[in-house]
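What follows is a pair of complexes built around chain A, which joins chain B in one and chain C in the other.
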Partner chain A sequence: MKFDISTTREHLPDHQMDFLGGSPVVAHCHHFNLFWDQTMDDALGVERGEKVRIDAAHKSAYKLLRGLVDAFPKTTPVERLGIAASTFAAMGHGKLHLAVGRSGGLVRGDYLHYGFGWKEKYGGRMTRSAPADAFAAGYSVAATEVAYDLDPGTLKASEEKCIVDGSTGCEIRVSAGGESLLPQGVDPRSAKEVLPPTFDGMYEERIVPVVAGLRDFLGGVAGDNRGVIEAFGVLVTSHLADYYNHAASDVLQILAREKPAGIEAFRALLVEAGQACAFHTFGGVLASPEWEGMVGAPSGDPLEIVTGCIALARAFGFGKWAIEEFVPNERLVMTSPGTYETLFSRLISSDELRGPAGIFPGAGIGIMQLAHGVQWQPRPNIDGTLYLSLARSSPWSVEETSTISAGEALDRVVVTKR
Partner chain B sequence: MSNNELEALVSDIPSLRACLIIEAQSGALHRSFRRGSVPADPDAAARALAQLARAQADVFGTGEPASLATLEWTTETVLLRSVNASALMAFYFPADVKLGLARMHVTRVLDRAGSLLPVAGQATVLEIPAVPAPAPVVTSAPPPSPPSKAASAPAEVSAGRKLIDYLDANAPDTHAALLRVSLQTGLPLSLLKTPDELSSAEFEQVTQSVQRILGVEQLSL
Partner chain C sequence: MSMLGPDLERDVGCRADLLWRCDLSTPGYAEAFATALNSVGFVTVPGASRMGLHVLEETSTRHRVVVVLRTGRVQLRLDAESGHEARRTEARRLFETMRRATAGQAAARGSQ
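Right after this comes the complex of A and B.
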C-alpha cells in the first residue's frame, strides 16, 4: 500500500509556516545543521551534547511520526516503519534500514545527513571519533516506538558506527531501557492560537511573486535515491523545527543551572549559525542557475538581494519575514509575526530563558553581508573561503528589539553598521 | 590583535606566500600569515632573520630603521624590512614576482601595519640559540610553561597568545573559534582576547578546548 505523506502537509499562508504530520518543518543546509549540533556539544561536552540531541530528535520525531501514522489508520508495524524510512529519505536525511522489533534492533544508515555532511565539509582536513548522526538515532528509536505503539521513551538509541571515523557505514542500536519523555512541540492549532496577526512590510510587490515561484519549485524537491537533496551547492534538508528548538532549549536550561557563564557565548553561536545559514543557503540559491531561471541572475543591487533573501526565508518556512526599513550599506530592520524559533519559545520554553533565537538575528547579518560584501556579477562562488573573509571583516551588528516569545506583538531585529 | 588582522591586511596580495612580524631584539615571531606551504619553520626563520638584520646593521655601522634586505632564492624572494627599533617584517614572494611589484606591496603593507607591530619595551626577551630549538609541543597534561596571572616573565605570557594564534590559524570557522572556546570552558570572551592573562588552570582549560576544536590530541605550536 502506498502512503502519500504530502496529504498531511499544512501551510499557514499568513505566517509562512509549514507543517508535516502536524509538526513544523523548515529547510536548512548542512552548514547550519552541523554548526547547530556542534554548538550543543560545545556547551555540554560531546557525550551530554549527543544525549540532548538524540532526545531532541526522539521527542520531535515521535510527534511527527505519530501524526503521520494517525493520518493512515490501521497500518501494520512494517508499514509504519516504511512510512518512517521513506519520510526520512524524502526529507533529505539519507536512508534508514530499520531492522527493528518491539524490543529494538539494529538500524543501518546510508548517506545520513550529518555524517555525510560532516565528511563533505570537514573530512579532508579534520578527524572525528564521536558519531554525528544523533538526529537519525533519535528518529530511529521514535520510529520503532510508533511502529509498535510503545510509549515515548520506552526504548533508547545509540550510534555505534559512523562514517565520520572511517567506518564504511552507519549503524544505530535501538534497545530497551529508555527514559520517559514528553514528545511535545508546536502544532498548527496552537500556532494559530498564539501567533499575532500578520502584516506586510516594504517591497511586498517584489517579494510575494518570488515566494510563490519558490514554493512551486521547492514543492517538487525531495531526496534522491540516496535520500540526499543536493541543491544550490549545499546538502539541503527539510527538518523538524522542534528538533533544533528542543535541543537548544534543553541546553539553555542545563547551562542556566550548571554553567551560566556560558549562556552569552551559546546565544552568540546560535546567531552565528543563523548567519551561516543565510550566507550558504540564501547565497547558494541566489547564485544558482535555478534562481537565474526563475528570477534572473542578481545584478548586485543590494535591495534585490535583501528582497530575495526575505522571499527565501518565507519559502523555507521560517516565518513571514518582512522589511520594515532598509537603507543600503547602513541599516536593515526586519520584522515578523513570529519565526519558527520564537513560536516555539512562546509555546514551550520557560519564561525566564525564552529559548533560542539565532536564525532571525543571524540571518539579518548574513543578508547584509550578501547584499554588500559579495560581487554578484559574474556569478560568485558562495563557499567557505568567501564566508570566512566576510565574517572576519563583518561591519554589521544586530540587536533583537522585540520578540513574540516575550509576549510582544512582533519579532524585530535591527542590523546596523558598527 | 591576532593573525586574523594580519591576514586581513595582506589577503589582497595574491602573490604573497607568507608574512612574518618579528620582534627585532628577541627574534621572537610576533604574528604570521601563511598561504600554502612555506619552506621554513616560521619561528626558526624569525630568529634567523632577526640575526640577519643585526648583522646588516653591523655591516653598515648604523642601527637606523627602514633598512631593507632582499634574499633571492631559486624558488622565492624574501624581503626583510626593519620597520622600527622593535619590529621587523619579512615578506615571502615566489621568485617570479617582479622585485618592483614586491617592493610596492611591501610599502603599502608597512603603511598600514602600525597597530600590528610589537610595542617597544614589551618585546618578548628570548636568548637566540645558536641552533634553533625544536618547536614546542603542547599536550593536555602537563602544559609547557603555562602562564600565570602573577607571572611577569614575558616568555610565559606568549604561550597563551601562541595558543590562541594557533587556534586562529587552524580552526574551522575561525571567526567563531574564540566563542566556542568560551562556551566550552565557561571563560569570558574578554579574558580569551587577552590570553597573556590566563592562569595556569585557565591555560590548561583553553589548551584542551583547542585540542577538541581541532580534533587532535596534541598541538604543535
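Right after this comes the complex of A and C.
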C-alpha cells in the first residue's frame, strides 16, 4: 500500500483554509499549544481539563484518521496504524509506536510535541507532575479504533509516563471501557456550504505576495525523523482545528451546566490565548531569519507589522483575514469570511453557547501590541517578559461586532485604544 | 581574521537559550561562509535558499546554523534536546568552531 498524505490535502483559496483527510488543519507553535491546554486546565482544574483535552483529541483524530483510511481503502489494521503514526509525525507531533490490538495495548511516544515542547520551554526551571500529551493520548486511542473498525469511544487512553515528570519516555495505555462519543467536525463540503462569499481588504498588494511565499515554504515543511518540525525559531505543528474547538466547546458546555458565572471569564481566557498566539507566533516569525530572508527585517512601520501578521494568519490556515481599516496607534478593524473557530461554531456548536471565538479578537489585540509596543529596530525582543509587560499595560480593547457563527455575513473585530 | 564578527549573543525569541546570534562581517561572505562550514563537516539542509537562507547542520549534535543571505545575520539554532545547563557552553563551542573554520578566509578574500 502506497500512502501519500499530500493526496488528501485540500486548500480553499477563497477562504484560506486547509484540510487534511477532510479535517481542517492550522499551523500553531508550541507556545500557543501549551497556552491553550493550560487554558482548559485553568477553567476546570487539571484532572477534568486533561479529560476534556483527551476527548477533544479522540474526537478530532478519529474523524481525521477515518478520512485518511477511507481515502486508502482495503488497508489492514497494521497498515492503518502505520498511516496514523506517519501522519502524526508528518504533522510535527512526534513519533508514536502503536503496539496495540483491538482491545488496546501500550503506545510509546518519542518527542511528543507537548511534553517535548514543555520540557524545552520550562524544563530548566520547573517540574510538572501531570502528563502533557493529552493530544497524543486521544490520537492513540482513535488510531486503534480506526485500525480495527471499532466504534468511536469503545476504548479509552491515559498517559502513564511523561517526560515532563522526569520519566525517560512517554507511555500511553489504550484500554477497554471508553465512553461513546460523536467524532463531529468541520469538513470541506459543509464549509463550502456555509462560508459566506469572500472579499478583499486594504493593502492586498502587500499581503498576497507574502502569503504565496509563506505557503510555498510551508508546503515543503514536514516532521523530521523524530517527527519534529522546527521553523521560524519555534516548534511548529500542523494541528487539527477541531481539537482546539472541541476542547473549548466542551469546557463551555461544562461551565454552562455547572458554573455559568465562569463563562465570561473563560471567554476572556480564550481571547488571551489569541493574544498570546499573535505575540509569540506572529511576533516570533517576524523576528526570525526565515522572515528576514524572505521579506526583510521589519523596519518598525506599524502598517508593515499589521500586514505581515495578516499574511501569516492566512498562510497558517486561520482564514482569509483582511484589513477593513487601520489608523496607526488608534484603531484596527479586521474582517474575515470565517475563521477556523467561527466556522466550527457555525456548524457544530450549540446556538446558545456559540462556541469558541478567541483567536480573531485576541490576535487583533496582539497585532496592535506588536505594531506599537515592540521596538523592532535595531532588534526586537519577543519574549515572555515583554509579553507580560505589554499585556499588563495594554491600552487596547477589542469588540466583536459581527460573526458568521451567528449567521452574519462576516467576522469583524474592532480594536481601539481605551 | 574570521568572516564572523566577534560578538555572540542570545537571539530574540522564547527558546530558553536555544537561539543565538552572530553576524558576518559583511553579507557578501554568505556563500563562502557556507562553503567553509561544509569543509569542516556541516551539511547543507536543502530547500532553504528559496527563503533567502543557507541552513547548515552539525550532524553529530543536530545544531543548525541559519545564514540570512541578504543581511549576513547568523542564527545558531541549538537542537531542542540540548540540556538547559549545557546550552550556553554549546553555543559558545559552536561559535568558536565557526570562527576557526573561517579564520583567515576573510583576509584572503579581501586580498583577491
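Methods note: the second predicted complex is superposed on the first by the 415 of 418 C-alpha atoms of A that agree within 3 Å, B and C clash if a C-alpha of one lies under 4 Å from a C-alpha of the other, contacts with A are read in each partner's own complex, and residues count from 1 in each chain.
Please note the rule applied: a residue touches a chain if its C-beta (ideal position, glycine included) is under 8 Å from a C-beta of that chain, and two chains touch if they have at least 3 such contacts.
As the structure is a prediction and not an experimental result, all values here were calculated from the model.
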item: Which of chain B and chain C A:Gly124 touches, first, second, both or neither; value: second
item: Chain B versus chain C as contact partner of A:Leu388, first or second or both or neither; value: first
item: First (chain B), second (chain C), both or neither touched by A:Gly233; value: second
item: First, second, both or neither for A:Phe266, with chain B first and chain C second; value: first
item: Partner chain(s) touched by A:Phe217 [first = chain B, second = chain C, both, neither]; value: second
item: Touching partner for A:Thr39 - first (chain B), second (chain C), both, neither; value: first
item: Partner with the higher number of touched chain A residues, chain C or chain B; value: C
item: Set of chain A residues, in rising order, touched by both chain B and chain C; value: 125
item: Chain C partner contacts - residues on chain A that touch it in the complex; value: 31, 116, 120-121, 123-125, 213, 216-217, 220, 228, 230, 233-235, 280, 284, 287-290, 292-294, 296-297, 379-384
item: Interface residues, chain B side, partner chain A - complex; value: 4, 7-8, 11, 172-176, 179-180, 182-184, 186-189, 212, 214-216
item: Residue ranges of chain A in contact with chain B within the complex; value: 35, 38-39, 42-43, 46, 122, 125-128, 259, 261-262, 264-266, 268-269, 272, 276, 388-389, 391-393
item: Parts of chain C lying in touch with chain A, wherever the complex brings them together; value: 11-16, 18-19, 47, 50-53, 64, 66-71, 73, 75, 77, 80, 84-85
